[in-house]
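Both of the next two complexes hold subunit A, though its partner changes from subunit B to subunit C.
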Partner chain A sequence: MTSVTIRRPTDWTGIIFAVVLTLVIVLPLVVVGTWAFTNVWRFPALIPQEFGLRFWNQTLARADVWSSITMSLTLATTVTFLSALVCLPAAYAFARLDFPGRNILFFSFLAGHAFPKFGLLVAIAGIFLQLNLIGTFWGVVLIQLVGTLLFMIWIPVAAFQSVDRRMEEAARDVGASPMRVFWSITLPQAGPTIAAAILLSFVGTFYETEGAWLIGAPQVRTLPVLMISFINNQPVIQYGAVLSVLLWVPSFIALLFARRVVNSGSFARGFGG
Partner chain B sequence: MTAIDAGQPVLAAPERRRPIGLLLVAVPVLLVIWLIIWPIISAVIQTVWVKTPEGGNSFSVETYRFFFSDGYSLSNLSITLWTTGVCAILLLVVCLPIALYLRFSDSKVAAYVQGLAIFPMFVPSIILSFAFIRVLGPNGTVDLVFNAVGLPKIRSPYLTPWGPVIGLVWDNIPLTVLILLSGLGNVSNQAIEAARDVGAGKLALLWHIILPRISNSVLVAISFAVLGIFSAFTLPYVLGPAAPEMMGPFMQRTFRELFEPQTAITQAVITFGFCIVFGLFYVRSVARNQAP
Partner chain C sequence: MSVLKIKDVSKIFPNGNVRAVDSFSLEVADGELVCLLGPSGSGKSTLLRMVGGFERPTSGEMTIDGEDITHVPPEKRPTGMVFQSHALWTHMNVFKNLAFGLKLRKVAPDEIKRRVEAVLDLVGLAGYGTRHVAQLSGGQQQRVALARSLVLEPKILLLDEPFASLDQHLRERLREEVRDIQQRLKITTLFVTHGQDEALSMADRIVVMRDGKTEQIDRPDVVYREPQTPFVAGFIGTMNLIEGNVANGIFSKAGYSTPLPVSDGPAILAVRPEALDLAVASEGSQGKVHRVTDYGTHGLVDLELNDATRVKAMVSHPDLFRAGQGVTLAPRAIAAYRDGVVIHRA
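Entry: the complex of A and B
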């Protein structure tokens, strides 16, 4: 066997893109990360005078930080749970059952995406004003729940449709009950994709800022909302930096799990590409 | 819900119509009707069918006339249109070369570039705002570096109209690249090679072969960006100037700080009007790709 080695020309275009994107996308985040582990950094030093964890202790000792972490986690858990509860049966129905108006109802979830989001939120807030839901926990839950509907239905529909129907029929032929088939055949195959949808919905809700700010503030203060007030009114830079690092954790987890999904072509097609 | 469907033979086909499906999808569908479709209809009705001093209701476009005659509202609208336009152009200028490079390169560097281009999707815009201020704000990293090499301080884009532009472009790079890349997947290598064989240069290739084939993806990417940017809230609120402000912060302030929901809803309907073409085009494209 002979092996042929092809010498590639150096990919200069790629190297230029890589350098520019590293500077523009990675560097700003590295700066924030550095600030989070800095005790003293005075102008005009290029690197901090003193590194340390002093501000982690101070940030984590703040009551407003803990209350907003609790609020964010409670909200995201409640919204994701309710979303799964109402959307997964609906997704199963869209994927497997035929009923009047199926197609138009399936596409009705796109309605919200034809309008600029914040304008829509203001229109919803107008309704909430009459219902006294402004400034309440459940008002924020409702507005964030609506934001999760599209993905929590469309992604699981694709998952249920990709389950091998012949395996289900084979199980039914040997006498398995419909529940048993669903539990032992359908769910294990559709499960990973559904879990990804649930994770994305949790992370998306965790970072949802606009609805929480418009409907909830100042009574319902989530972590991103607290971050806005830190940016606007907090002279100690490190508080914001530490909070940024804490805030990024769910996104980092999503990054680990979702990269493969995002890089696949079907993801871009879901956005109309 | 009726248990017996009188109109249809019960065992006609394996894919028989079962109204039980309607029951399963009822809750999310009702949520969409209550919290998306009804608010939009109600917003339009509420702003044109206003209470008269005599206690009745009558048709009136007074709130819209106020908006379009108020200098401050108009300057907010024009800064929004300017920001949206500049961002859309910048996004194409930045993302089309990246997408073209990724489509036609298979080197190891390309994988790294793709990873970086998608990375902003995993950075919440509130963290981005903070990072922006630390890098481009007063005494930020750029100032530090310029100072170290003896250059004067920059005129920071923070709290100017360029602040939101930079932030929004950064934020929208991943999906724009992905949508364009997905469109470039439809350009076959044969078409490119055939054009090269007859001597087409790189620019001619781009103009005559590639762009016509991805024009739909370009429009989808622009529509998606316009919908997101026109009523963006967080980045303009944190990075932009206090006045004039973009429609997102303007609506928020009108609603929550000035307590004028009627005026805020009028502003919302105006943003709907400006985006409706992009919205319908975008939704149509998504729907075409997702037939169940």
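Entry: the complex of A and C
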């Protein structure tokens, strides 16, 4: 074997693409990240005059920040858990059973996302007002639950449909009840894809602001809602920046997980790939 | 000691209104291996899946040892099914695949271990327990699938073309292994195949199916030697089926004639290639040699009657024949069919 070196022409399109992406995505992140660890940064200096954790101390000393972090985590966990509880069996039914109205019901989940979301939210808020759900934890749970339906139905349906029916039948054959087959065979088989759906709905719920604000404010305050109010009401940029960095944490962890799932290849299989 | 009885079972699929199985009856004796043999779409899988509980019969009933199982769900039936696509659970290793059913039956862990190891030994996979399904060859996967059913000691073993995805060589070996195991355990077995070799070499009895109905149920040698219908005659082995006419005890077709002691009318004459002698004839020839194939141990002569009807004959000295030659035909054993049933055999 002789090794051949192929000189590739400089890929200018690729380079321009990379540069633009860097400017658009990375630069704002760097700016926000820098602000979060800045004590003094006065115009027109290009780099801050003084780095430090002063605003971290100040931000984390605030009770409303801690209560909103707890609130956000509790909300996202509750919503994701309930959503899984409701949606996974429903998705299984959509994937495996044929019942009257199946298709209409299936597409209705999509329809919920076809309207401008805010309009829908306001309409729901009207109903919640009558039900005394405005400003309550469960009101926000309910509204965010609606937001997860799309991920938690459509993706798992694809995942369940790609599970070999013969595997399920073989499990029935050795004595497993339909419920047992679902837990021991179907769910693990569809596992990676469903994990991705659960992750998406957790992250989506964690960052959801419109519903949380419209239904929850002012009693229920999630971290993103708090951040918005900080940015709107406080002249200090660092508060918003620190909260932004805090908010990165869950999505960063989610990304790490998602990478593993997607790399495993079973994610593509979930879509019949 | 298990007997499977299928009585007048029909299955009509609502979509498309297909009568997949049509008033089918069969009794499989204790320890017997019965092959369901038939062309694609003849209802073999549907019938097997009804016995396993995966399809509901439209009508009829099934019993195992006298107990009605017609409406019993699959998990409560004493049947074990082996699927064509092994259907092993890929998220479990071999041991867990085999142990799953035992765990559901609340068998003690050390007993589970003992039984799984014994059955792995039986299928020739001792020590493979920790392997993952994907780390096995096709043949090994199918053995594990068989073991998964056997470990539960089902009363009735059901196999749906378990070797269809394997290569010829492996298929023949597994066929023998399965037959061996089945006879050792004396397990009542229903085996679906559309390979006649498989049926002929494994079965105690063969059920030839067509359009959801039984064409013939008999021992393999009987099915081969005495097919009851022209369909069976044409389906099992190679058979020359010559459609002609009988007048005054003589069957004739395009210049070929032979005595056939049946009443006048149309008839199908059936002759196996190995039961058809040929002689080179300079005059009065009944057919013309089209092609000669030498297989070393024997030869096969393709010939044409005067109207281009193709006939095959097996000969021991293929070098005696040449394309274009005229020949006369002398069948040693014949059968004749009319209206789908046998009317004469000699």
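Things worth noting here:
What we mean here is this: the second predicted complex is superposed on the first by the 235 of 273 C-alpha atoms of A that agree within 3 Å, B and C clash if a C-alpha of one lies under 4 Å from a C-alpha of the other, contacts with A are read in each partner's own complex, and residues count from 1 in each chain.
The definition used in the following text is that a residue touches a chain if its C-beta (ideal position, glycine included) is under 8 Å from a C-beta of that chain, and two chains touch if they have at least 3 such contacts.
These numbers come from a predicted model, not from an experiment.
Within the superposed three-chain model, A:Phe160 lies out of touch with both subunit B and subunit C [touch as defined at top]. Of the two partner chains, neither subunit B nor subunit C is touched by A:Phe202. Set against each other, subunit B and subunit C differ in how many residues of subunit A they touch, and the higher count belongs to B.
Using the contact criterion defined above for the overlaid structures, shared-chain residue A:Gln189 touches subunit C, although it does not reach subunit B. In the superposition on chain A, no contact is made by A:Phe151 with either subunit B or subunit C. Considering their complex, residues 52-54, 73-76, 79-81, 83, 85, 87-91, 100-101, 104-105, 145, 148-149, 152 of subunit C touch subunit A.
Residues of subunit A that touch subunit C in their complex: 164, 166-167, 169-177, 180, 184-185, 188-189, 191. Against subunit B, the residues of subunit A that register as touching in their complex are 8, 11, 13-15, 17-18, 21-22, 24-29, 31-32, 35, 43-46, 86-87, 89-90, 92-95, 97-103, 105-120, 122-127, 129, 142-143, 145-146, 149, 153-154, 157, 161, 207, 209-210, 213-214, 217, 224, 227-228, 231-232, 237, 240-241, 244, 247-248, 251-252, 254-255, 259, 262-263, 265, 267-273. Remark: subunit B residues 15-22, 24-25, 27-29, 31-33, 35-40, 42-43, 46, 97-98, 101, 105, 107, 109-110, 112-114, 116-135, 139, 141, 143-145, 147-148, 170, 173, 175, 178-183, 185, 217, 220-221, 223-224, 227-228, 230-234, 237-238, 247-248, 251-252, 255-256, 261, 264-265, 267-269, 271-272, 275-276, 279-280, 282-283, 285-287, 289-290, 292 touch subunit A in the complex.
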